[in-house]
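Just dropping this structure here.
Labels run A, B, C and D following the written order; every chain starts at residue 1.
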Amino acid sequence: RADALGRGVDIALIALIVVNVLAVTLETLEGWPGPYRPWFDWLERISVAIFTVEYLTRLWVAAEDPGPRGLRGAWRRRLAYMTRPIALIDLAAILPFYLTMMGMIPPADGRALRAIRMLRVLKLTRYSVALQSIVAVFHSERRTMLAALVIVFIALHLSATAIYLVEHEAQPEKFSSIPEALWWALATLTTVGYGDVVPITPWGRAIGAVVMLLGIGLFGLWTGLFASSFLDELRRRDFKVTGQ
Amino acid sequence: RADALGRGVDIALIALIVVNVLAVTLETLEGWPGPYRPWFDWLERISVAIFTVEYLTRLWVAAEDPGPRGLRGAWRRRLAYMTRPIALIDLAAILPFYLTMMGMIPPADGRALRAIRMLRVLKLTRYSVALQSIVAVFHSERRTMLAALVIVFIALHLSATAIYLVEHEAQPEKFSSIPEALWWALATLTTVGYGDVVPITPWGRAIGAVVMLLGIGLFGLWTGLFASSFLDELRRRDFKVTGQ
Amino acid sequence: RADALGRGVDIALIALIVVNVLAVTLETLEGWPGPYRPWFDWLERISVAIFTVEYLTRLWVAAEDPGPRGLRGAWRRRLAYMTRPIALIDLAAILPFYLTMMGMIPPADGRALRAIRMLRVLKLTRYSVALQSIVAVFHSERRTMLAALVIVFIALHLSATAIYLVEHEAQPEKFSSIPEALWWALATLTTVGYGDVVPITPWGRAIGAVVMLLGIGLFGLWTGLFASSFLDELRRRDFKVTGQ
Amino acid sequence: RADALGRGVDIALIALIVVNVLAVTLETLEGWPGPYRPWFDWLERISVAIFTVEYLTRLWVAAEDPGPRGLRGAWRRRLAYMTRPIALIDLAAILPFYLTMMGMIPPADGRALRAIRMLRVLKLTRYSVALQSIVAVFHSERRTMLAALVIVFIALHLSATAIYLVEHEAQPEKFSSIPEALWWALATLTTVGYGDVVPITPWGRAIGAVVMLLGIGLFGLWTGLFASSFLDELRRRDFKVTGQ
């Protein structure tokens, strides 16, 4: 029965996080929140209250978990818990509210505060073993990924320099500098292809053709790398979206 | 010989479904159906007649199938069949016609009716074991896919908030709100890259670069996930496009 | 030594095909061929002469190959060879020239003739075992691929109908009919994303989001399907770009 | 301790290469380097000095490495080292500076010199075993890749010719020639989809649909090919981003 209760609390907390994300998103719409201002304010206060209770409860319970280092003493264990990334995310979800209330943050810049409130979406990671798996994958495959990023780095810079040399005269505005050319090279290499910057000269298009084919190659490298790593890691663990 | 006949009927029904889909599609073209109106009306009437015969036949024959629950009694079996998704699709293909005829649906909104008629394309799922396999894959991999969607959800919202903060002032029309920014983030993460909304400031492009690389990573995750799951499932069964 | 000679002839023929493709391509450029007209004409005549010799030689030599059916008699074997796809490609590379010369094809429509001459690029398939492997893959996996195409067909039509219903009023020109909507749906499902047709209403974008995510899924299905099939097949054979 | 020192030198050299790449990139921005001109000049002089010391040291040390051919004699070994690609990259990083200084290269064309200085990014390959693995993959899979390129070549030219025939009259500017059509075909086949050239006629879009679906197929071929090859190769070696 305790399990069913814990599951119910988890689902309620997930719902609250999603509602919070939705609220931050909707507030930026023109004409919003308008007359609904008080509703949003109350949602914020209630959310912070619930998240605070959640944080303190988890902190309190942490005293029973010796952790990988086998710590002794309730407060030492709690302190160790507080420095874990997942606890810092929980703290970041409530601290800004209290700091603003105490006047330690000027309430002026609404947009920055909004961005900080969006960080609450990270609280979902607690309920998704998958995302924690991805962190594990990144850790175990960090060398391979760094190597792949080095290849992308080299390909990007050589492509951008080549296209800059060739297209600069034909389109001095669009290919005005290598950083601008890098933007084109990245959009092409990743096959995103916005089309806001496009080569028009024959030589520029020849380079573009090479970059596109290279892009598919690099795409295959990345995709294969991530896919196999993630699959290994994701399959190993049992996926549960609930429970810590 | 019965098999050859059944196969012939299947092919005829598949052809009829495709002709129906084509008719719904063509009717929306400007100047269509025009003088061909009666032809389209007759196609509709004949199709409904055939689909009705098909539905009743399948319903009748269902009496012989005890199903996974080993039901007894012809009508109980038929009732059980009627609630299966594949039977509901068959019903949805004919019911609106009769309801409109009986005056229970106002014939006014031609476009809604057209959309309902397009649902007949779903009748093809009966002839493709593959699509039924996909449903099976979705069921067996629902946790992994939910986890992947959680990751996409988090990545989308953080990307959108970041780009909104950075680009809002430079392009107040295109990045007017976080929902607008979400549209950009999704088009970039999935490497679709329409180019209708594109960052132009250096910091916006830096965020864009991160989202593009993240997109390839998530793409790899999704692709690997789906690919391996589908492959497992699709290979297991023998693919037959004919036969139930 | 005979082997080295055969290899040299192969390379010379490959070069001639590429030069032909290049010639057809360049002829369409504005201001071309202009004064170089005679050069192009001579290239055409010499190419046809060489390809004719090649065709007749292969036909002659075919008398020594009993083929899979163990045919007897030189001319029966030659006739069997003539109906093979690879021999038809060779014939299509030379026949139009002779038919035009004999006045059996009006030389008027230069563009259609150009397209037929471009078919010579298919002669390269003889030198690439890989392309023949792809045909083999298509044959052995035809059911799986048909199933995948059925899924794409259903997803495309439902997406197009949904977006048409939702976006038609906001963009009557761009989403004027379901065929137009199909174009958008295909560009989105395949993650090509031209950006020439893009939803602008909130509901249209919601559908667009679903189609994008669906697109990645279908992309994964296709990619996984093709990738694994091609890999199986391509690896099995030894790749040689030379030799028949 | 010697190992820690070598690691420190490696990191310092990597940092210097990245700073050089950044400098070349930033110099192209409008209004740059401006008053910072002397700083950039000094960076160049110091970099060349360090890279020269590095080159000479490596050349000197090469005397101790007999190489795969078991060469004897210090100077023969050094000569053999000088002709290796990795040594040529090191030489290309410093030679242009000295040639310009000696007046052997006119200092006029700043842009060409800049491009040559960007080649220093290739020096990173020394520190990434992954990129050397890619070269190895290209070598061992060269036949498969050539075969895949032949398929792409054929698909591109047939697609381009078809779309040119169909769209030329509707859009004589965008599909003015087959080379222009090739640009569209490549952007579609690789799913980049810039959207700068897009078919508008029904038949053009029908061809576009085929090319898109073909593109996904070829994408799957490429991705599967590269992914599996790279993975094999990358996994085999231990990834170290440091050390020679």
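By our rule, contacts are C-beta pairs under 8 Å (C-beta built on N, C-alpha and C of every residue); 3 or more make two chains touch, one makes a residue touch a chain.
Keep in mind that this is a model prediction, so the values were computed, not measured.
*Asks:* Superimpose the Cα atoms of chain A on the matching ones in chain D and note the rotation angle, 0 to 180, in steps of 5 degrees.
*Replies:* 90
*Asks:* Tell me whether chain B and chain C, two copies of the same sequence, contact each other through the same residue numbers or different ones, using over half shared as the line for same.
*Replies:* Copies use mostly different positions to touch.
*Asks:* Suppose each chain is reduced to the average of its Cα coordinates; what separation in Å results between chain A and chain B?
*Replies:* 30
*Asks:* Please set out, as single numbers or ranges, the residues of chain D touching at least two other chains.
*Replies:* Residues 179, 191-195, 219, 223-225, 227-228 of chain D each touch two or more of the other chains.
*Asks:* Of all residues in chain A, which touch chain D in the complex?
*Replies:* 143-144, 146-148, 150-151, 153-154, 157-158, 160-162, 164-165, 168, 176-179, 182, 188, 191-195, 198, 202, 205, 208-209, 212-213, 215-217, 219-221, 223-225, 227-228
*Asks:* Using the touch definition up top, name the residues of chain A that touch chain B in the complex.
*Replies:* The touching residues are 21, 24-26, 28-30, 111-112, 114-115, 118-119, 121-122, 124-125, 127-131, 134, 152, 179, 183, 186-187, 190-196, 219, 222-228, 230-231, 234, 239-241.
*Asks:* What residues on chain B touch chain D, complex-wise?
*Replies:* For this pair, the touching residues of chain B are 191-195.
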